[in-house]
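See the structures that follow.
Two complexes come next, and they have one chain in common, subunit A, joined by subunit B in the first and subunit C in the second.
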Partner chain A sequence: MGRNWGNTFIVAGLFALLLGAVIISFGLGRYPIPLREVLGIALSKIYPLGQFWTDRTETVLLQIRFPRIILACLVGACLSATGAAYQGVFQNPMAAPDILGASAGAAFGAALAILNHGRSFTITVSAFFFSLLTVSLVYFFSRRIKGKSILGLILSGIVVGSLFSAATSLVKLVADPTDQLPAIIYWLMGSLAGVGNSDIRFAIIPMILGLAPLLLLRWRMNVLTMGDDESRAMGINVHRIRFLVIICSTLATAAGVAVSGMVGWVGLVIPHVARKIVGNNYLHLLPASILCGAIFLLLVDNVSRNLLAVEIPLGILTAFIGAPFFIYLITRRGEYS
Partner chain B sequence: MNKNKHKLVLLAGITCLALALLTAAGCTGDPAGEPDGARETVTFTDSAGREVEIPAEISRVVPSGTMAQIVLFALAPDKLAGLSERWSPAAGEYLDEKYRELPVLGQFYGGKGNHNLEEIARVDPQLIIDVGEPKPSIAEDMDGISEKVDIPAVHISATMETMGDAYRTLGELLGMADEGAVLADYCDEVYRRTREISEEVGAEGKKRLLYCSGDNGLNVITAGSFHAEIVDLVGDNVAVVEEAAGKGTDNPVDLEQIALWDPEVIIFAPGSIYSTVAGEKSWRELTAVKEGRYYEVPAGPYNWMGFPPSVNRFMGMIWLSELLYPDLAGYDGYKEAARYYKLFYHCELAEGQYRELVARSLLKDQ
Partner chain C sequence: MSIEVSSLSFDYGRNRVLKQVSFTAQDHELLSVLGPNGVGKTTLFRCILGLLRGYRGQILVDGIDISGLGAAGMAKLIAYVPQFHYPSFNYSVFDMVLMGTSVQVSAFSSPGRKQKKLVEEALERLGIAHLKDRGFTRISSGEQQLVLLARALVQESKILVMDEPTSNLDYGNQVRVLTEVKSLVGEGYTIIQSTHNPDLAFMFSDKVLALKDGAVLGFGPPDQVFTEELIYDLYGMKVKLESLYHDQVRVCVPKNIADKAVSPGFVSNL
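And then the complex of A and B:
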């Protein structure tokens, strides 16, 4: 019991940390806005206040910085939560949100929309639906594979995923090299540059529809990690729970990837960080993963938008930070051997 | 439990450190210039049919991409408040130092790009200008930028054919009608002359031409693509492929296909295999290589044939016409290049520089 209370305390601490990071992030940006004006603009939304900032400042804060900060948190939370959930239901520590082809499908959808001169909202919607379509295909095929259902899912994930990757390459081949091709490449590198409030409005519903049930299924995920036979022995309908987790995770991942592009490593690394902090019990692991993912992507996106005058794609930074960190984690004494 | 607490403290420490570093990095520098306040504005209708409120007098603009950057640099180099892409290293030889030090803001591509919106707001231009082919999404893209940075953005449509009109519009927009007209007339004139030459040569007389790029020379520009406009217009582009095989540039092909096309003339992109091709057994057997009719596209500061497909292509039209049909075109290469560099890059092109630029094409046999 003591450990549980400790973990609850840690999760609360992470939440406070996230809040603090969000507040400080609002003061960061290439366009200098003093914290005083940030607070003023925030307060003026609930309390009439004399305007002591310029209109430009308010626009930059509300139209550029606000959506980016919120989406960085949301995308980080979604990718990390689905990574944690998949690692549980596939009983595999190397599982990541893209294991069932969600990212490969989204990439194809985005590339296709860019090829057809889609506007940025069309690109997001297309990425989202192709992501859902890909995972549905994977699930459909896996049901027809005899034998172990986990293996079937992962195998058809690999096959369908590489099929969509090839299709994306084909789109890149036929795309215009000075305009569409760089747009596709930037999308594949992942970035929150240019996201707006409309992206939040689009992504928030599927994200909540995905994350909330995952949080409610925490206890059952704990059981699933023990293996299919054990779970059945405990009276759990393994297929139904796994199906539910996959649906929810796919919704959350698809919405996240659709607005951010391909951001790797968050879904694989952050759940392991969370494991180090709160242990393997999903009761705390899932909330901790969500919070750590949000904090991590928020920090990385801060670097992405502040370090240079031009944006550094997010996917590059997450890999540069994520990969060495992951090596550090797995080479530390003992735990994965 | 104790161990966990330590980790949390460590995590919190790292977070604070990272944020502190960022605060230090992010808050240096003040926004450039004063807010414009209630200055006079006019309504401008751009090529996408959008009515945009813009300041009556414009002295600070930023381009949306490299295409616009080159077009605007020719007209109003001193009004550029930022670049979308650093000038190529070769530009040092031609462009004035002050233009090379402008802040780089990244390029806007419709979906995601590397443009940093806050940096654009900080540089504080009065207007964001996009120049290029009209895309279906352009109105919404321009509105999107405008809304986010509170700076008007306009789109000016321009293709090779309509570049003259684009310069007239830009001249009017920036209060530089005379300068705009000079560039517009130049573009119209060069395009008209190129068409005339092409018509005089006739479909039968056109040289069978192939443009190769890539570090093995095996990428070609296919007929009918946007980037092949000059190759298609001046020469007879042999790289005809089926729609499904991909349209654009850098389409990979193999040498057998090139041998099958058997072009009379091959032009290589800068940095491709021009200098080594004569020694390559497999290439040596091609008619164009065997007979020495292969050349390299001049580059400086930009490739004369495109990439980006901006006004640098007008120099390419002159060059290719002169290269393929010298008797018909009758251009004075140096005079034309010097005129072009004066108009578009604002520099005096020395004869030595010109000879260097065309040493591997027009002056190859000398």
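And then the complex of A and C:
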């Protein structure tokens, strides 16, 4: 079982890499903070320590950088975990978290909240609930489509998703072009600028409620990639497992998209990166996807807030990095590809 | 374990695919299901595996009606060896076989030491232990078929349903796989397979079920069922059935070739 031990080691390595990236990210920004002070402030939370940093440093670190860094990691983790899970239960390497309309619904929810002069937190909550609503509709309609259940889900995902996209366009059309329209467009490009600790408090519960069962179900995901008939013959209640995975993935995706806006490519590309590193077995693939997703979005967000004087929206960066990288990945081959 | 199918009928919409199909298979028996493409073999297998509901008639496994069983209950009775197809994702041979043990662990956990030991034994048993770390799509099709067979073995059910296990194999691998299948039958398994090769079916099977348009054309020991008329009825092809080695083997030869073969130089006359 050399490969298994090797993979466990790789997952541990990824975790260490993530920790390192998080610590370094705290120091980065328009207001640089030395590593010594970052560690000092972190330690002072668990151990009484003489303050050798300014109050302003502590505020920047805890009120601005902390929520942003944590959310970048969480959103990246959620999107890539659900991408990997969907690829398994839909038996399709091209599946991504928004396949059942979660993003389209969130976009509509956010646009609607902006149109109604919602504050930042209202926008997040509205995006979250419309995301859940969209996927519920998709699931409801798919149950009424005869034939293969996967095809039914994907078809009704496309239909309901494009309905909500049209609705979002309608909201854009009637929105005030001086302030509301730019706000909607900016939200759609995806960004973690301006997230606060309240966003963490809101998103963390659905994220954990989503990710934890996905991690527990990861052996079943392996079996489901074999197809419905084969998995059933191996004793798996295919519909129940797929339903559970969809619920959990939707919770995690909705919470992620609600705080970050549209961030594409992460959920498609990162699982494939993880597949290249640890293979297709979900026992290692899912933890590796979560960690790679967290690292990736954290790095991209660092670029987003540090590269230029203005913030570069996350969705633009993930597409610019993700798409070419995906081409590179799928043109390479390995024993388990 | 025995399987007893009585008066099984199944409709896809208005289309009757299975008509009053009845047969039985016991332990120590290899039953081969023969018939042209699209005759309802796959539908029959999907009914037996509990994948299709809404059939009429009865399927009993050891006297228990399977219509009331869920996926896990079915999997403990019958294992399925599917026709080879490319999986969406490539797994190592070991992981692939390990999936067969899933019914033994709860939905929220993964196979443990006991299941891994079963996998090692099954790989050893079928002589493919050296492949365990290889990717499933990177081994030969004969080896792939043995991997799928190993996956069914670790499920620890005593009835195996095999969908054309030899259809994409070369002659050597067909015989190799069927020899393994035959030795499992010797150990007490009940095995039902579908096949397109009448010669090999005669050689290896204990019973033959011939299906035409969803109905049973013949059922019984191969030496009673296999006749020139049956082959003609099944495939619309006139054949000459030659018996070899004291009727241990019967070979089908298409009639037009067999007739010409008696005259010298027949090949050039074809």
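Here is the rule we use: the second predicted complex is superposed on the first by the 332 of 337 C-alpha atoms of A that agree within 3 Å, B and C clash if a C-alpha of one lies under 4 Å from a C-alpha of the other, contacts with A are read in each partner's own complex, and residues count from 1 in each chain.
Keep in mind that, in the parts below, a contact is a pair of C-beta atoms (placed from the backbone, for glycine too) under 8 Å apart; a residue touches a chain by one contact, two chains touch by 3 or more.
Quick caveat: nothing in here was measured; it's all calculated off a predicted structure.
*Asks:* For A:Ala175, select first, second, both or neither according to whether it touches subunit B, subunit C, the two together, or no partner.
*Replies:* Touch status of A:Ala175: first partner only.
*Asks:* After superposition on the shared chain, which partner residues are touched by A:Leu217: those of subunit B (first), subunit C (second), both, or neither?
*Replies:* second
*Asks:* In this superposed model, does subunit C or subunit B come into contact with more residues of subunit A?
*Replies:* B
*Asks:* Just checking: does A:Asn237 make contact with subunit B only, subunit C only, both, or neither of them? Give me first, second, both or neither.
*Replies:* The answer is second: A:Asn237 touches subunit C but not subunit B.
*Asks:* Answer with first, second, both or neither: which of subunit B and subunit C does A:Gln91 touch in the superposed model?
*Replies:* After superposing on A, A:Gln91 lies in contact with subunit C but is clear of subunit B.
*Asks:* Per the contact definition in the header, classify A:Ser44: touching subunit B only (first), subunit C only (second), both, or neither.
*Replies:* Neither partner.
*Asks:* Which subunit A residues contact subunit B in one complex and subunit C in the other?
*Replies:* In subunit A, positions 2-3 sit in both the subunit B and subunit C interfaces.
*Asks:* In their shared complex, at which residues does subunit A touch subunit C?
*Replies:* Within the complex, subunit A touches subunit C at residues 1-3, 87-88, 91-93, 213, 216-220, 222-223, 225-227, 229-230, 232-238, 241, 275, 279-281, 283, 335-337.
*Asks:* So in the complex, which bits of subunit C are touching subunit A?
*Replies:* Per the stated touch rule, the residues are 46, 49-51, 70-72, 74-76, 78-80, 82, 85, 87-92, 95, 99-100, 102-103, 105, 107-111, 116, 133-135, 138, 151, 155.
*Asks:* Any idea which subunit A residues touch subunit B in the complex?
*Replies:* Interface residues on the subunit A side: 2-3, 6-7, 10, 13-14, 17, 20-21, 24-25, 27-32, 54-56, 59-60, 63-65, 110, 113-114, 117-123, 173-179, 181-184, 186-187, 191, 193-194, 196, 261, 276-278, 295, 299, 302-303, 305-313.
*Asks:* Spell out the residues on subunit B that touch subunit A in their complex, using ranges where they run on.
*Replies:* Those in contact with subunit A are residues 1, 4-5, 7-8, 11-12, 15, 18-19, 22-23, 25-31, 35, 67, 103-119, 121-122, 124, 132, 135-137, 140-141, 144, 147-150, 225-227, 246-251, 306-309.
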